[in-house]
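Two complexes are shown next, each including subunit A; its partner changes from subunit B in the first to subunit C in the second.
Let's look at the complex of A and B:
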């Protein structure tokens, strides 16, 4: 039943992504100053939001792990973090490609860019820490503490464009108070593509959760086999 | 300039799709490998239990 739902969600995400790609490429006009490259925003922003939501889910799961010693919550934390990292990578890379055309450079140590990179590195460090600790209880506790503190970097990354007005553009969405900064059809497309990426994100987290369950079973059986050998 | 602008837009969209669906493919491959390992381990443990 669960597997069926995963396939349904994946199919829905794929249909939405293809439909959105069609609208992005063929229906929406070019932006008058940036030209076609502005279309990157339809993946850049939704990927950032999806990564943020994954990190938030990982934070809640980590808090639950610390308070209740729940291994299922620990599994959710690692699944959401890994998927969040994939979306954050999409955000960073698409942003760099956009910057190469608009700013003429691939990268600058602007507050938002730097914090987005720091955030990515902290969560990558979380995954590396998990590989370094063998005992499952210790691994769950230590990595949950890191995950909780790591969320501060997410908040700083989110607020960076308001706190420091450097090279990265300021807020453009009306939900962040930038009314009229973007054409309503374009803004609506950002939310529609976010929905598609959210569905894909949910599928990826569900698959990664299954994997974590099998991984734990493998580890338990390995210990059992070694004990008997 | 316009051509470069369009080319970079396609690179960005291709990388976004490639990364996400590449990750999905990696997850599926990792799941198959883990499932095989689990099946093997189950057999080993079962044979250990059956051994006198």
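Let's look at the complex of A and C:
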């Protein structure tokens, strides 16, 4: 039953992505100042939003793990963080490609770039800690605590770096108060592609959850076997 | 309450003063890094003025990780950690006591590094001693609270010496930015500008937020 839902969602995501790619590449015109490269934004921003949602889901799952000692919530935390890291990587890499064309450099120590990289490192540290802890109960509790710390650090780092320096283009979406900064057709495409990436993200998280469940079963069986031997 | 914290802190400091295992390693490491920086950058007097904060705080962060690593690792021998957890101390008092001991050790190491830095790089660093000390304490406390928590999280791991810096450094970046900005100004002997107070506020906020989080989760981290 669950497998079926995953396939349905995956099919939806694939259809939507192909249709979006068609619109992005053939229907929407080049941007007036940036030329064709502006199309990166249709993946850059949605990937960032998806990663952000994943991190938030991981935070909620971690809090749930701490309060209720639920191993399913722990599985969700690791699944969401891993998928979030993948989307954050898409965000970083598409951003670097855009920067190479528009700014002429791959990287600059601008506020948002620096922050995105630090977030990536912090959450990569979370996954590394998980891999290092062998006992499942301890792994769940300790990594949940680390996740809460990580989220707080991410917020504070954002403020700190904003005061430090800023070069990244300002907000372009109308919901961020930048009305009229972007053509409505282009802006709506960003949201449509976000939907596609969100679906893809949900499929990835569901697959990862299944893996995590199977892995736990295997670990439990192995412990049983050791106990009998 | 305060007594319990002080008991743990004094126990840790006494152990450390008798064995001197982490303070010796950490100090000589800090001095070596100070020396290496002079080869790496060969700075002029003007350059030293500009990079003093960054140089000092990188040294402090490297040396700090060594001390923080030992904080809980020291309790592994003879199952001391189990005894501490089983004692009537509340977990947060045990945790704050360890933080306090680490703070004292780290600030002591920093206070030894500063004159050495002054001699090696020909800087009169002590023109604003009290504000500088305040910045040292505030920023070191932020580093200590996170570091002690992560030291507890990683104490049972095979790779703990590697895990602690990997977890700690990205998360203390706000503290380092603020401390570097403030230290550079103060070591140069200038007063803090009005717009630099934002960094002092950042340090205070960071300390409060993470101290509360660490205290709230002390029991989860220590007893499991």
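FYI, the second predicted complex is superposed on the first by the 216 of 229 C-alpha atoms of A that agree within 3 Å, B and C clash if a C-alpha of one lies under 4 Å from a C-alpha of the other, contacts with A are read in each partner's own complex, and residues count from 1 in each chain.
By our rule, a residue touches a chain if its C-beta (ideal position, glycine included) is under 8 Å from a C-beta of that chain, and two chains touch if they have at least 3 such contacts.
On a predicted model such as this, the values are computed, not experimentally measured, just so you know.
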Item to check | First, second, both or neither for A:66, with subunit B first and subunit C second | outcome: second
Checklist entry - For A:31, is the partner it touches subunit B (first), subunit C (second), both, or none of the two (neither)? => result neither
Next on the checklist: Is A:21 touching anything from subunit B or subunit C once the two structures are fitted on A? First, second, both or neither.
Outcome noted: first
Checklist entry - Is A:200 in contact with subunit B, with subunit C, with both, or with neither (first, second, both, neither)? => result first
Next on the checklist: A:156 in the overlay: touching subunit B, subunit C, both, or neither? Say first, second, both or neither.
Outcome noted: second
Checklist entry - Thinking of the overlay built on chain A, is A:125 touched by subunit B (first), by subunit C (second), by both, or by neither? => result second
Checklist outcome for this item: Partner touching more residues of subunit A, subunit B vs subunit C, is chain B
Checklist entry - Between subunit B and subunit C, which residues of subunit A are contacted by each of them? => result none
Checklist entry - Within the complex, which stretch of subunit C touches subunit A? => result 146, 149-150, 153-154, 156-159, 163, 166-167, 170-171, 173-174, 177-178, 198-199, 202, 205-206, 209-210, 213, 217, 220-221, 224
Item to check | Sites on subunit A touched by subunit B in the complex | outcome: 17, 21, 34-37, 39-40, 43-44, 47, 83, 86-87, 89-90, 93-94, 97-98, 100-101, 197, 200, 203-204, 207-208, 210-211, 214-215, 217-218, 221-222, 224-225, 228-229
Item to check | Contact footprint of subunit C on subunit A as seen in their complex | outcome: 66, 118, 121-122, 125, 128-129, 132-133, 137-138, 141-142, 144-146, 148-150, 152-153, 156-157, 159-161, 163-164
Checklist entry - Can you name the residues of subunit B that touch subunit A in the complex? => result 2, 4-6, 8-9, 11-13, 15-17, 19-20, 23-24, 27-28, 30-31, 34-35, 37-38, 41-42, 44-45, 48-49
